[in-house]
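Heads up, there are several structures right after this.
Across the two complexes that follow, chain A remains constant while its partner is chain B and subsequently chain C.
Up next is the complex of A and B:
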């Protein structure tokens, strides 16, 4: 294409060439306010966060400490616990994906009232995390509603201190996250299933495919890209959007057993005024989220090509 | 043409001069006038003294009626973000003109970075002389905040449940051995001995202040431990975690202590479901109304340690009020704070909250309730110290609170709790060299 355009450009009179050279400037001028706004809103804070990660002290008395913050953070058991907890929460992604997919496939069978069921399943997703956290902090007390119910039906042996025990607390938080995020998956998968051309399923049925075979070999492969999208989005969510749950349910307790990286950043940055440490962990978290975002874009690129 | 330009310039200059002079005169009169100006007050006290928010709102309305040129905007603060919110305000040098903090380190730490002004620079000595507990907020020869009320932390017991367990209802446990005996007897009768909540870490932090201090001879020893000049791992400082873990192991606490926060755990006592607790004066008086005066006893924490502080009581001003360095109307802010200490306001505070004002002008004759009289006597007789006030906020939040949670949840041993303290003290020194230096200077007197 370029080779064909170039001779034509050469043939233009001198005035025309000047006009042609000037023309490309304007798009950049028009884009400048947006670029400047993005630079101010995202670029500047990003640069400052990276810069602050090399400093210690309070905001108005910063002292350059080189990479000491990175070394100290990595050596801090609370940071390690927080990182591990974020990774543990990643385990909720396959759980919510499988559950959401199963429910979506079930609803896709057009059972009576499937739209109402979909709305019911989606309902927790629109509730604020704070309200959910408060409700569950009461439900999950050692002598709360859930354990009272379990004891009443003779299952007192499996009624632990859901939020007060360091061994159980991450399961409890993970369970609450799955409960809320499930609705999003169901809606996304249902929408994807509804958009599929019915001919393929009908052909499979005529060929004698049973219900499970239809789901497993016909429907699920067709919404694979949507599933991948959901997995990446949820992985980013549980990595960097779980602060609300942790703050309201446990405040990272007992004894930092349920701390996550976001809480670690908030605690150091806002409670302790340790800007340097908070910035250091923010940089680390940004790196981790960037990897997931890169995976997401790669998958999306494949989707576009397909 | 040139004449016109010159005239125009002269006119513009004259107008600018007049406007500047007017603005300057206005700002000068505002700054100098203690009864004029806008004041934003970040206020916290409700958790300590139920009824405090309503009282302050009414007090502001009265003050604004008295001085119509003063406009005070009251912004109630949350407990768990009290320190963090002001830290952010201090970093941006914006927000409140008057702020609330817990006494001593949470108040002095922002003062050391220039976020507040010494209240003793704005209030006459004759007025300061009436305020109780100013020593808690003294640094480098100045007083940095105004106390509003006295908060005693009594040990309370349910006399009816004591009687039910075969214990003398009029003889509360005075020693640790007696406390353990009482626990065993109450448990044997199916009564929860001590009702508390530690999901938010405050029971553990209180235990540090109530029991942890008991092996110390002076609060200076704790300051030295914070500076790393004494070893916090010594039993003298941290041996109380063994006693705390022992109480938990013996089943002296309610079994859900780890999943209830302090306020939730407290409800067990007025409901008659727990025989003992530690609480605040205000709550003790509220529980008296629920249970009946004959059923509740208030007194000292049982003695566990052997230091001189073992026999001190547990009174603090808890929270205080100070003027920020960026406040535009410091004189007006100071005048309002002083007005809060007028005898009429002290009395109305007491009537609204049942909590004793931190001022010698409050007459004890206003106290009619027999339990309140006992509490006032406990609060004002003999030496009192609340060690949590002397912890750097980072150490309090990242060690004191979570270490106690580790014990009550069973997720950590006393040694692990102490290791957490040592690590956080070290982190504080690394992350806040400025704060550490000021603390060292302050600790050296």
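Up next is the complex of A and C:
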């Protein structure tokens, strides 16, 4: 953290500082728009969302109700389903991590065409989930492409209603999420692998390490921190950033079987107009995300020291 | 030797499979968008042998799609431009200035990078209702702008630190104002990084759905993403037309991706550290 002071000191020549005794004002002027913007879009809402979670009523007419919202929400089966679904989606994180890591390790072996492979696998990540979701909603219909394919190869018996069955729907949504997030992991991991000093792998190879031994005992341990970052970031993502998929693929259906906390907030706050309930769930979501954010900062802190 | 060849072949096969999996849904979207509805109904997965831009044409002329497109462009361009400008000033102050709370400001920005926007949604909505800005593009521009700033400041601070201090120092000795130094020295040196940032931010805004859905309820005021979800319900017997709309919505993203794939990779991995 010390290196930050240096350029600042350099930017202010000593003689200039002596001539004008008082400290320059311009940094405050420059920083003001940033402070104002984050104050308005983050500071104010973070305070208000906690306050509103203790109130009931519509936007114009709020009544203090203590912790009633929290008690009601916890007793609501749809909330419980939504929470469970977010937790189920956490299971996509190890899947995408292992897959992305395997792909990155293969690409890192300087396989022919690795740049093209990486560009292709990364491509889905940047596309709008809304548009992607529309395509998947038709691929995954009861008589959609995937099931036609399964029937053609004689697996019609296991062709489920991917988006219409309450037992299957979260697997389908999770699959779409893995499909889209995979490329991010591949890019992050290949970047980390590329930045490793080649000497260590060379030494291991000269010592006769086999390909898998080299990956397992030499390369993976060296990018462990990057893997941890990715896991935490993706955990935050599937906890709080999956509304698009659910909204386009299933509208939380069948029933509320595929509802998630974001959908619950949207549905209660903006379809039913219950600001208090929506705020309450937002606070609960923030609490869960905060745990992950704390982990994120522990990892960052350790990285800075290293 | 033979096992090494076998290993290389199986690796290639695995990667090819992954690529097919990555591209197939996109291919499905594009090929369906280029089919007549009758052809699609008969053979949903077949090659579009009678390819036609009819659906794209209809989608582009079907009101209010042109409004949605224009709204998305206005919202994306203005929020990215304003956020980049604000973040450049803030990052410049953090790197080259001295002020109380400098360290704190940077730390706060890093924390805010990972706050889920859905948490801020309800109070922002109430605020916009009070301001009478619901159904006005201003409401989402302000919100997006704020959401973009933490990552932008973090990204630019990291980059501005690589600008040689001597250059800045020399300009200051020559009596250049901080704004001149930022405009004439730091900005040209960081042009590639700023471009990267703007591209990543533009994609974020272009792709966003939830906020647009909540703040822009009037049909004509929707952004393209929020509009597409209306399309979905309205034309559910004409899937090629809906996917033509989806195709139109991903075209700008594809063009940006092809124009600067390297930039993307650098920009999107910046937050994660090495």
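Observations on the structure shown:
Everything that follows uses one rule, which is that the second predicted complex is superposed on the first by the 269 of 306 C-alpha atoms of A that agree within 3 Å, B and C clash if a C-alpha of one lies under 4 Å from a C-alpha of the other, contacts with A are read in each partner's own complex, and residues count from 1 in each chain.
To be clear about the criterion, contacts are C-beta pairs under 8 Å (C-beta built on N, C-alpha and C of every residue); 3 or more make two chains touch, one makes a residue touch a chain.
Model, not experiment: these values are computed from the prediction.
By the touch criterion stated above, A:106 is placed in contact with chain C alone, chain B being left untouched. Of the two partner chains placed by the overlay, neither chain B nor chain C lies in contact with A:222. Of the two partners chain B and chain C, more chain A residues are in touch with C.
When both complexes are overlaid on chain A, the residue A:270 reaches chain B and chain C alike.
Of the two partner chains placed by the overlay, only chain B lies in contact with A:254; chain C stays clear of it. Touch criterion met: A:233 reaches chain C, while chain B stays clear of it. Contacts of A:56 after superposition: chain B is touched, whereas chain C is not reached.
Looking at the shared chain after the overlay, A:76 reaches chain B, while chain C stays out of its contact range.
The contact surfaces that chain B and chain C form on chain A in the two complexes overlap at residues 59, 144, 270. By the touch criterion stated above, chain A contacts chain C in their complex at residues 1, 3-4, 6-8, 10-13, 16, 23-24, 26-28, 30-31, 33-35, 37-38, 40-42, 44-46, 48-49, 52, 59, 103, 106-107, 109, 111-112, 117, 119-132, 134-139, 144-145, 148-149, 179, 182-184, 187-188, 191-192, 195, 211, 225-226, 229-230, 233, 236, 239-241, 243-244, 247-248, 261-262, 265-266, 269-270, 275, 278-279, 282-283, 285-286, 289, 292-293, 296-297, 300, 303. Those residues of chain B that touch chain A in the shared complex are 80-81, 83-85, 87-88, 90-91, 113-114, 199-201, 255-260, 393-394, 397-398, 402-403, 405-406, 408-412, 420, 423, 427, 430-435. Here chain C touches chain A in the complex through residues 7-8, 11-12, 14-15, 18-19, 21-23, 25-26, 28-29, 32, 44-45, 83, 86-87, 89-90, 92-99, 102-103, 105, 108-112, 114-116, 118-127, 129, 142-143, 145-147, 149-150, 153, 161, 165-166, 168-169, 172-173, 177-179, 203, 206-207, 209-210, 213-214, 225, 228-229, 232, 239, 242-243, 245-247, 249-250, 253, 257, 261, 264-265, 268-269, 271-274, going by the rule given at the top.
By the touch criterion given at the top, residues 56-61, 63, 68, 72, 76-78, 140-144, 161-167, 250-257, 267-268, 270-274, 276-277 of chain A touch chain B in their complex.
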